[in-house]
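These notes are about the structure you will find just below.
Going in written order, the chains are labelled A, B, C and D, and every chain counts its residues from 1.
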Amino acid sequence: MTSVIQSIDYFAIAPPLALALTACVVLLLDAFLPRGPRVRGTLGLVTLAGVLAALALLVAQAVRGQTLATFCVPAPVACSYVVDHITLIFAGLALVAGVVVILLSMEELAGGEIPVGEWYFLLLCTLVGAITLPASRDLVMLVVALELVSLPVFVLTALRRYDGRASEAAVKLFLVSVVSTAIMLFGVSLMYGVSGTLHLAGLQQGLVGNPLAQTAVPSAALVLIIAGFAFKVAAVPFHSWAADVYEGASLPVAALLSVISKAAGFAGLILVLVVAQPLTSGIWVPLVAVIAALTMTVGNLLAMRQAHAVRLLAWSSVAQSGYILAPLGAGPDGAGAAVVYLVFYAAMNLGAFAVVMLVSRADSRLGGGTLQDYRGLIFRSPAAALALAFFLVCLAGLPPGLAGLFAKVAVFRELVDGGVAWLAIVMAINTVVGLYYYATWTAALFSPAPSGAPELPRARSAQVAVGVAIAVVATVVFSVSPQLVFDVGSLSALG
Amino acid sequence: MIVVAALAVLLPFLGAVGGLLGPRSVRWAAWVAVVPAAVSAVLAAWLAIGRARVSGTLTLIETGSLPISVGLDVTELSALTGVLATVVALAVQVYSVGYMRYERRYRSYSAFISLFTSAMLLVVYAADLIVLYVGWEIMGLCSYLLIGHWWEDRANSRAAVKAFLVTRLGDVGFLFGIFVLGFGAGSFRIDDIITRFPEMSPATLTVGTLLLLAGVAGKSAQAPLHTWLPDAMAGPTPISALIHAATMVAAGIFVVARLFPVFAAAPGTLTVLGAMAALGMLGAALAALAQDDLKRVLAYSTISQLAIMAGALAARDADAAIFHLLTHGAFKALLFLCAGLVIHRVATNLMSGMGGLRRVMPITFATMTVGFAALMGLPPASGFFSKDAALAAMGEAARGGVLNTIFYGTALLTVAVTGAYATRAWLRTFFGPPAVTADDHHTGEGPATMLWPVVVLAVPALLLGFAVLTPPHLGTAVLSVALSLLGAGVVYAVWRRDRVRDPARLLGPLRVPFERAFYVDTVYSTLFVRPVWALARLVVRTDDTVVDGAVRGSGRTAQGMSGLLRFAQNGNAQVYVSGLLAGLLVIVIGAVVLG
Amino acid sequence: MHILYPVVVSVLLFSIGIYGVLARRNTILVLMSVELMLNAVNLNLIAFNVWLEDRLLGGQVLSLFVIVIAAAELGVGLAIVLAVFRNRRTVDLDRLRDLSEPEPEHEGRGDGAAAKEGVGR
Amino acid sequence: MTTWTGWLTVALLVIPTLGAAGLFVLHKPTESALKAYGVIVSGAALLPAAALALTFDYGDAAAIQHELNAPWIPGLDLRFHLGVDGISLPLVVLTALLTFLCFVYLLGARAVGRRRELVFALLVLDIGMIGTFLALDLLLFFVFFEVVLIPMYFVIAIWGGPRRRAAAVKFILYTLLGSVVLLLGLLLIWSQTGTLDIVALAGAHGAGLPRGVQIVAFIAVGVGLAVKTPMWPLHTWLPDAHTEAPTVGSVLLAGVLLKMGTYGFARIAIPVLPDGAHAVAPWLGAFAVVGIVYGALACLAQRDLKRMIAYSSVGHMGFVLLGFATLTPVGINAALFGNIAHGLITGLLFFLAGAIKDRYGTADMSALGGGMLGRLPYLGSLLTFACIASLGLPGLAGFWGEMLALLGAFQPAPGLSRPLFLVFMAVGGLGTLLTAAYFLVMLSRVTHGSPGPLVPTDGTDVRKYEYSAWVPLVLLILLFGLWPKALLSITDPAVQTLLGAR
């Protein structure tokens, strides 16, 4: 029996480690420092520093440019934790998004009703999960990382203890999530049974010799595994929770769910379907295509008649998930386009959430507000209105929001190239439906507020403004020079 | 010399521009209208006297297909017609200074006449069919603008629209005819078409010329596209004289004559032309017999006379047709201008409001008598010679077939009816008891600027026949004069019995159908106008309910589906989980099937 | 022992769990049903591990993780249920419906107002 | 190949961009400052357009000139490739001119709320319009094609009439649907040939593209462009948009935006996909002539002046499409000529309709009553002029496009069914008659007759600023009408090249 004692490459796991350490520090600081607004700020800054440190480590890894692997077993060699191109993209995305979410949190926590230490601790835990997940190369790691992303979010959602809606949202999120996790785990167990290994790298090989592999079990197992990730990205039929939870949770959590958690889900999907590829793509590609079509359609249709801003964003992000899934429905090669779209989407969507946060903070009566409350925003706070308009137009995929346009072009290109014309047409129609609600909302920003409406206070919050600024800068940069994103998401790099 | 031709075309155009954009004074407008017309007339005369063929091309416009050559080509025929056009135009411009000078919109009026003159000259001198078409259409526009000059009255406006649309209907065919001949000859140049027509297949020739004929029928008010002309009398009288009697309507005849070799090679077309002419000459003459409006009488007589020209063309005698065109231009312009004087005097168009004017307006009486004599074809007036030539040609052709014989017979019958209606109009206007007119502040015959053109025009109307030194054909001459006098005699006899009542009562029950010109307008209205309106309304309804309905429907469908989906989002977590599991089950089954 | 027996048991267990999740209104009972599902997974994992004679003992390792996860989930779940109970005085799932698509007449407000605004300007 | 004069094309885009950006810098500008600002910026943008026209080598109108070619997004094969040739030059100049004239018109228009936003929207619109005509890269074309949507949406939705919101939404959704289909077609071309370069693709004349693919791509591209054009039956967004849009919006919509659709046919669909064009041409022609007659009939029964002009666009664009459908040089020349003519004439018509609406407060013909020639003689005369130009009278710009399109249909490209196209020609000819009918009926209703009970709230005839905005259009209509060679000599060589090798 050969030795299975593993050596650990600490440089490879440095970013999650840094985050985890920061999480502990935050918890300790919270326990020992006196309560007060200044401490709240300090904790926020510490968290921010931790995330930035992790980001710096990630950059260091990227600069070094070679694939790092650790937690390996010999014969056949398989590693559980690999830092390669795809890991770097998803982890980087999660961390940058994390910075924005932390900035939003600082504003959210300013009220003092929410326990600060726990909040930041949980947030950091989620981030650990989110950056571990894309590095995971075995099913155990994948499951644990996924749980690490999910569990803290339940609590984050429920942390507004005084708010029944938050608790309700937490229950719904929790219930759908644990059922999905259970299903996924069941799939993992089946997959383990038919392949004899838990390492992604060995799946394909493991299936070859197994008698059960000739049955329908592997297909079923694969679908069940996907279920866990599909829940994360809120693909149909795992979408129902989205709006209720986004509405009930506080805005930073909604932003987190819509970007970080979703990115983790897509990372998992791509790892299982494309990187591991236990089954030939002929089995899952049509399924993913159908799911993508359903997801975008359902998301858009539900968003169409939404009057509530956050619910609208929730359904729109479901629809956007459909667009991200779509290139995978053209074949494994579509993963590049999916990543590209995800990166663009993250910037635009975070920006939108940040502005919504800014606006809803300005008037605490509005819990995110209805679209009516956005009327005449251009007169109250022009910068916020312009930023929101820009993000919405980006999400709709029209110039001047070139980022969104190029993202859609990338997806369409993949679909046309892959010959999935029907999906391309479905997506084309969906783009139009999507534009309907984005345009309605955008138009509301610029139309005069109804007479007799109370004078709303101007939006003012430094941290959120910085968050908005980050998103704006990112989106503008992506618009002007989308090649940056195409470089990181390019297909060759994924292999 | 080509510069002369170009100047003749351009000067009136510049006059029009100057009139429209120049200072707001009647004096300026009058000068700017009359002088270019006069210069053009001189230049046209010069070209005609020179008798040398002048042609030149300014440039070729590449269209990607057959090129358009922007150029002029003054043949003998063009030169003559040009003289007619410019002289009549000059007469009208001068006459209008008197007739219209107190008119508020004299400026635009005279400018449009200048523009018309220019366009007519372009038609006449054009070397290229497309260029000709440009002038052809601009004439149509001017006609529209001038008929609608008193647009305050809705009836005028309607008449203008009708004139434009009916002629445009023909023009569409005309344009297609140009295409057919142009492609047949590989060039739009008239010269090329005339020289290359033997290369074209008979079918091409027949189709091309027939299509051209549509335009000719529209412009020259031939059946079945004649209905606009009587209504066009709504315009100021000089316009009726100029455009709707002397020049524009002659353009159609001119084009056929210009392309006559081509038409001559298409016997089918000539037969159609003959039939149209026969129908038109007699029908219009009969209609003229029953009109009460003096200008409408003249209008119908114009249709009838143009049909005689067309008949001569159909009988393959282009010279006779052009001869009649020229004399008709002179005497019809004269008649209209005289009618204008009369109308100016009595302030009504209706003959029932006239009578006994020969004493009050001796000069008008004399000149108009010349005009009527020419119209009836009585020697020695010009009309006698030209009509005789046309009739002789048709008589000659009659030997060639039954149809041609019928055409000839119709023409002879028309001569008799012409005699009748001309006499009726003459008698009702100048003889009999003077009608009491409330508006009698005009005394005398009218201003000099109005009288002079009349007198000047009377000269060619009377003498133009001698210009062409062909002796009359004795047989037809005697026959036609006799028939004409017969018609005149019958009318005179009826009139003598009761000098107040209209001799048209002779027609009995036929009078109303004649007066309504055989209800052609009504038929067209039922057959074409009303269905088009109904269709238009249908299209608007369809557009709203079907075409746009589909668009809106798709929006509503989306909204409806949205509503259905929202129904599932009822907030119950267990419903969500059920949906999740059901969906998952379907997917698993799908995967298993695919796997 | 054929691998089929434990797997069938596991599937049955899992199905019972699903039934419980769908049919129970009480949140606590739903949580317990989820536990059943997770334990079905564990049973599967252990059985496969034995059947496969996995040298790395992957199934067993994962089942340990699943147990931990289940514990964590249950803990968080109960905490959330507690919070819900404190706010709402109920733990019935189908009475937790504050967050849902609003009634049509409520959302119709947006459209009507938009139309009115269109006329107003 | 980038030539040093490529900067001219860039300047055309940069000036409005800087102008739009500059609006953010201005601090609380006054109305008059904004008026001047708009005129100055659009005037400055007119300069490179004029320079482009002046330095253009007319002897070599078929070649791409003032070219700029730089990589932008290698990940999408997208290059920043600009240039003009005989096909695009007139449209570029027309766009710059119309934009400028719109700003001139806005100089005098009173009580325009939120002028800064309007100036901004129009400048962004300008970028999109000019960029579309300059782009020589399929995706770049698409990007600029899309740029116009949002500003036009706002122009309609903010400054429009009472039912502007619905009209704006319809406009943007409908045209977006078209553009997405267009995108699919463009991507199909890309996926088959691996290049997005229009010049290279056009030079290949469809080599390397199987016939089936060409047909599918042509249908996709064609439908996308046809929505914008608009071709019957994809036109219903147009009347609503025009009816509700403010005057400048209507002018630019009709004057330039519609041309982007037809320009796409000349620039992309026909040269890049010759076989596809060949297969689909009969259908295109059929839809075109149905559009001509349908548009004309719809105009006959319209009550609203602006709506009627909008429907007239459907008819006129039918002639343009018919020209394309013939696939002959003359047909395509006709289409390009018709494009420019329609831009000038319908632009003028919408200016006039806007002026009438300003004065009377309504554009409903029965409410207007009549007698406009009596009350506002100059306005009435200009309206008459514009209508007559629009109905295709020879000697004015509208004629040549229609006549040449019919000429093209008389002898379509080899391989196309001649009898079918003869039928199209005949129906098109009927369409010209109906076109004349509705314009004359409208003139008769509005300008003739005695003045109705409705008294204009503002009885002044044409004002100075109106003259300055309209007279250039009138002059150009006359110029191109009397001297069609001015345009044909530029387009013809380019068209011959475009259809060459076939």
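We adopt the following convention: a residue touches a chain if its C-beta (ideal position, glycine included) is under 8 Å from a C-beta of that chain, and two chains touch if they have at least 3 such contacts.
Just so it is clear, the structure is predicted and the values come from calculations on it, not from any experiment.
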Per-chain Cα centroid nearest the overall protein Cα centroid belongs to chain D
Contact-pair count is greater, between A-D and A-C, for A-C
Chain A to chain C, mean C-alpha position gap in Å, rounds to 21
Chain-centre distance (mean CA atoms) for chain A and chain D, in whole Å, is 43
Chain C to chain D, mean C-alpha position gap in Å, rounds to 58
Chain B to chain D, mean C-alpha position gap in Å, rounds to 36
Where chain A touches two or more other chains at once, the residues are 171-172, 175, 179, 183, 243-244, 302, 305, 436, 440, 447
Each of the following residues of chain D touches two or more other chains, namely 165
Chain B touches at least 2 other chains through residues 563, 566, 569, 571, 573, 577, 581
As the complex stands, chain B meets chain C at residues 563, 566-567, 569-574, 577-578, 581
Note: in the complex, chain B contacts chain D through residues 59, 61-66, 70, 108, 130, 133-138, 141, 144, 148, 151-154, 156-158, 160-161, 164-165, 168-169, 172-173, 175-176, 179-180, 183, 532-533, 535-537, 539-540, 543, 547-548, 551
Counting only contacts in the complex, chain B reaches chain A at residues 558-559, 561-563, 565-566, 568-569, 571, 573, 575-577, 579-584, 587-588, 590-592, 594-595
Listed in rising order, the residues of chain A that touch chain D in the complex are 340, 393, 398-400, 402, 405-406, 409-410, 412-413, 416-417, 421, 424-425, 428-429, 431-432, 435-436, 439-440, 443, 446-447, 482-483, 485-487, 489-490
Note: in the complex, chain C contacts chain A through residues 3, 7, 10, 14, 17-18, 21, 27, 30, 34, 37-38, 40-41, 44-45, 47-49, 51-52, 54-56, 58-59, 61-62, 65-66, 69, 72-73, 76-77, 79-81, 83-84, 86-88, 93, 96, 98-102, 106-107, 109-110, 113-114, 117, 121
